[in-house]
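For reference, chains read A, B, C, D, E and F in written order, and residue numbers begin at 1 within each chain.
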Amino acid sequence: MKQVSITRRARFNAAHKLWNEEWDEAKNFEVFGKCAHPNWHGHNYEVHVTVRGIIDEATGYFINFTDLKAIINEYVEEPLDHRNLNMDVPWLKGKQTSVENLVIGIWEQIEPIIATHGCTLERIRLYETENNYADYSGES
Amino acid sequence: MKQVSITRRARFNAAHKLWNEEWDEAKNFEVFGKCAHPNWHGHNYEVHVTVRGIIDEATGYFINFTDLKAIINEYVEEPLDHRNLNMDVPWLKGKQTSVENLVIGIWEQIEPIIATHGCTLERIRLYETENNYADYSGES
Amino acid sequence: MKQVSITRRARFNAAHKLWNEEWDEAKNFEVFGKCAHPNWHGHNYEVHVTVRGIIDEATGYFINFTDLKAIINEYVEEPLDHRNLNMDVPWLKGKQTSVENLVIGIWEQIEPIIATHGCTLERIRLYETENNYADYSGES
Amino acid sequence: MKQVSITRRARFNAAHKLWNEEWDEAKNFEVFGKCAHPNWHGHNYEVHVTVRGIIDEATGYFINFTDLKAIINEYVEEPLDHRNLNMDVPWLKGKQTSVENLVIGIWEQIEPIIATHGCTLERIRLYETENNYADYSGES
Amino acid sequence: MKQVSITRRARFNAAHKLWNEEWDEAKNFEVFGKCAHPNWHGHNYEVHVTVRGIIDEATGYFINFTDLKAIINEYVEEPLDHRNLNMDVPWLKGKQTSVENLVIGIWEQIEPIIATHGCTLERIRLYETENNYADYSGES
Amino acid sequence: MKQVSITRRARFNAAHKLWNEEWDEAKNFEVFGKCAHPNWHGHNYEVHVTVRGIIDEATGYFINFTDLKAIINEYVEEPLDHRNLNMDVPWLKGKQTSVENLVIGIWEQIEPIIATHGCTLERIRLYETENNYADYSGES
């Protein structure tokens, strides 16, 4: 009954900006710098979805990579790829579209789905650039 | 009098969309697909600037990497990083913000500057994603 | 009438071995070493397809990346991914499945198709490992 | 008595397929898709071996990277590189050659050896492609 | 009150050697091999600094990536980049400049600073080459 | 008689500094900046050696990758890895150890050897960091 984790990588390209509606422009630029540019900027995001389970002897796995890929496609790539994170994503409404909020949001979208496949979501890692990334493991 | 090339890599994060104002919405989506999403999307662009010259014996180079970095910063990163390529870049006005037009535009910005440093711009390579990139060498 | 090149990256996972039927086993191992292992080995191949053309002002490109991706899928990924290069690929029959022969074979499959899209195949690059790759530009 | 981990990366190129002998062909293709291709396919596998220990002041480490490299060479690269995972590896006989089973198998080969060097095997990570990888830390 | 981690990557280029002053030359070469070369060698080090905290709703983060970048610049890049790790770094004096000692030293420099920003240093990862890296999480 | 190119990647870790003995310290720091740090710094260099030839039908290649690897090992890795480029390399004596001079020097070491194998050295590419690299193709 050994526990293994597998990770699937996926990518999406999106526009966003950091902007707090309760602050004036000066405060927004002071806090967020160039990330507050009003006409948006964007990123090639890279997400790593890690799930944990017990291997089924007949198949050699606990979830097919093809199924995991389909879940990520439906719940991450379809709603986020070639979108504006501030304008187009219902579950980010009223929140900053920081990589930190985004990684939690992706966890919350995917976690209940993974749970129905007899395994456990272990971690979401989200790269915003080659130098910046965030991890969330469901801890509070 | 041996000729060597050196390349400096830089990066910028920008929003854009592909949209032809002379076409209606249906035609734009037919041609550009999800790249025509009206609320923008974005990329982590990666640019490789290659220059060619004859080594100066005293320094071991023909242009200091620090100077090349400063040129790329002034003419590529400053005008493009954390910007909207369709709205914020004068030299892209009236053109599609495709990676093909962008790589030519960067060449045209940088080429006259490089020429004043006693060396020759050889190639601009521009990555839009890990799977798509464009090269321009000034050929017509 | 500026000429730009674009490159699309794709990947396929295949089994192969190097083996010359006209040589005995000893000679095969002497020449090909572990690459002659009779039970096959395999690679994650990575192919970079570079095409050259003149930008159409209306679209900002000369071939849609989506079309180029579809061509590579049909002529490279479909016939080669999750295949045995020695057993399953008609156009490699009777040839060593070296990265050198493979890169020429991919050129010959794709070149006539690219030509029908109003642009020119410029180069195929094929990575066999992170340390070994081959380039072919149609030169003889 | 601070605990540090070090990781050594290694690579091997192997052929394999997913196939359950107790199922007929139709069932195998239904479950494993193209991974069941009878003539094999293959991968450039990349393994990351992480060990944990207490630094020896005289050397600045607890196991020499050179020794760790030699262990990985003997127990991972020698038996797996340029091999067929289904046919040539005794400790995979009767098991699916999935990345999940493979990462556990590598752990079981290496763990007793690492233990004789005064340190602890912490994790094996195994990449099958740039998009798919598995981790095992000995948990049950 | 969800806990998220963010990681910032930075790089520095330094010279070093492994050499124990209490041993003679023969013993040093026997233990450290080519790493004991008396005229030094060097590396492009890559450091990943991971910090953990609770997101502030107003900003979408718990520490600004810009602030984290500045801390890494002051405490890691400034003292280590384009330096000799054996000769120029006070906090490495009397210690082997192994990647293991270096990752602990970086932790000890940065940890008290991170603590004043209302978050927690979770891990330092330090790559010496593409094949060798060390992790430290403050455990003893 | 098709011409193909193959490339082999190799790596070496070395110390160096930029320093012109005919200049005083102030001038050296003015020109070379932190690269003139007297106690040395270092890099993980990555070299790509590209050779061109006509495929032999019997083997599927014109030079065995194993032979090319051995040439690079003897003429590049052995003399440069874990060395001080300013002090330990006869063919760099009296020259700046810039990536530009280094790439030409590697060409001059390897070119006559490649010529004896019935093929042609086409290009040396040398990465000093992930952002800086040089190419030399023997042109003057």
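The working rule: a contact is a pair of C-beta atoms (placed from the backbone, for glycine too) under 8 Å apart; a residue touches a chain by one contact, two chains touch by 3 or more.
None of these values were measured; they are calculated from a predicted model.
Note on connectivity: the fewest chain-to-chain touch steps from subunit B to subunit E number 2.
The chain with its Cα centroid farthest from the Cα centroid of subunit C is E.
Rounded to whole angstrom, the centroid-to-centroid distance between subunit A and subunit E, based on C-alpha atoms, equals 28 Å. Chain centres here are Cα averages; for subunit C and subunit E they lie 42 Å apart.
Touching two or more other chains at once are residues 130 of subunit F.
Remark: the chains found to touch one another pair up as A-B, A-D, A-E, B-C, B-F, C-D, C-F, D-E, E-F.
Listing the residues of subunit E that touch subunit A in their complex gives 1-10, 50, 55, 57-62, 64-66.
Taken in their complex, subunit D has these residues touching subunit C: 11, 13-16, 34-35, 37, 39-44, 81-84, 87-88, 129-130. By the touch rule above, subunit E contacts subunit D in their complex via residues 18, 20, 22, 31-33, 95-101, 103-104, 130-136, 138-140.
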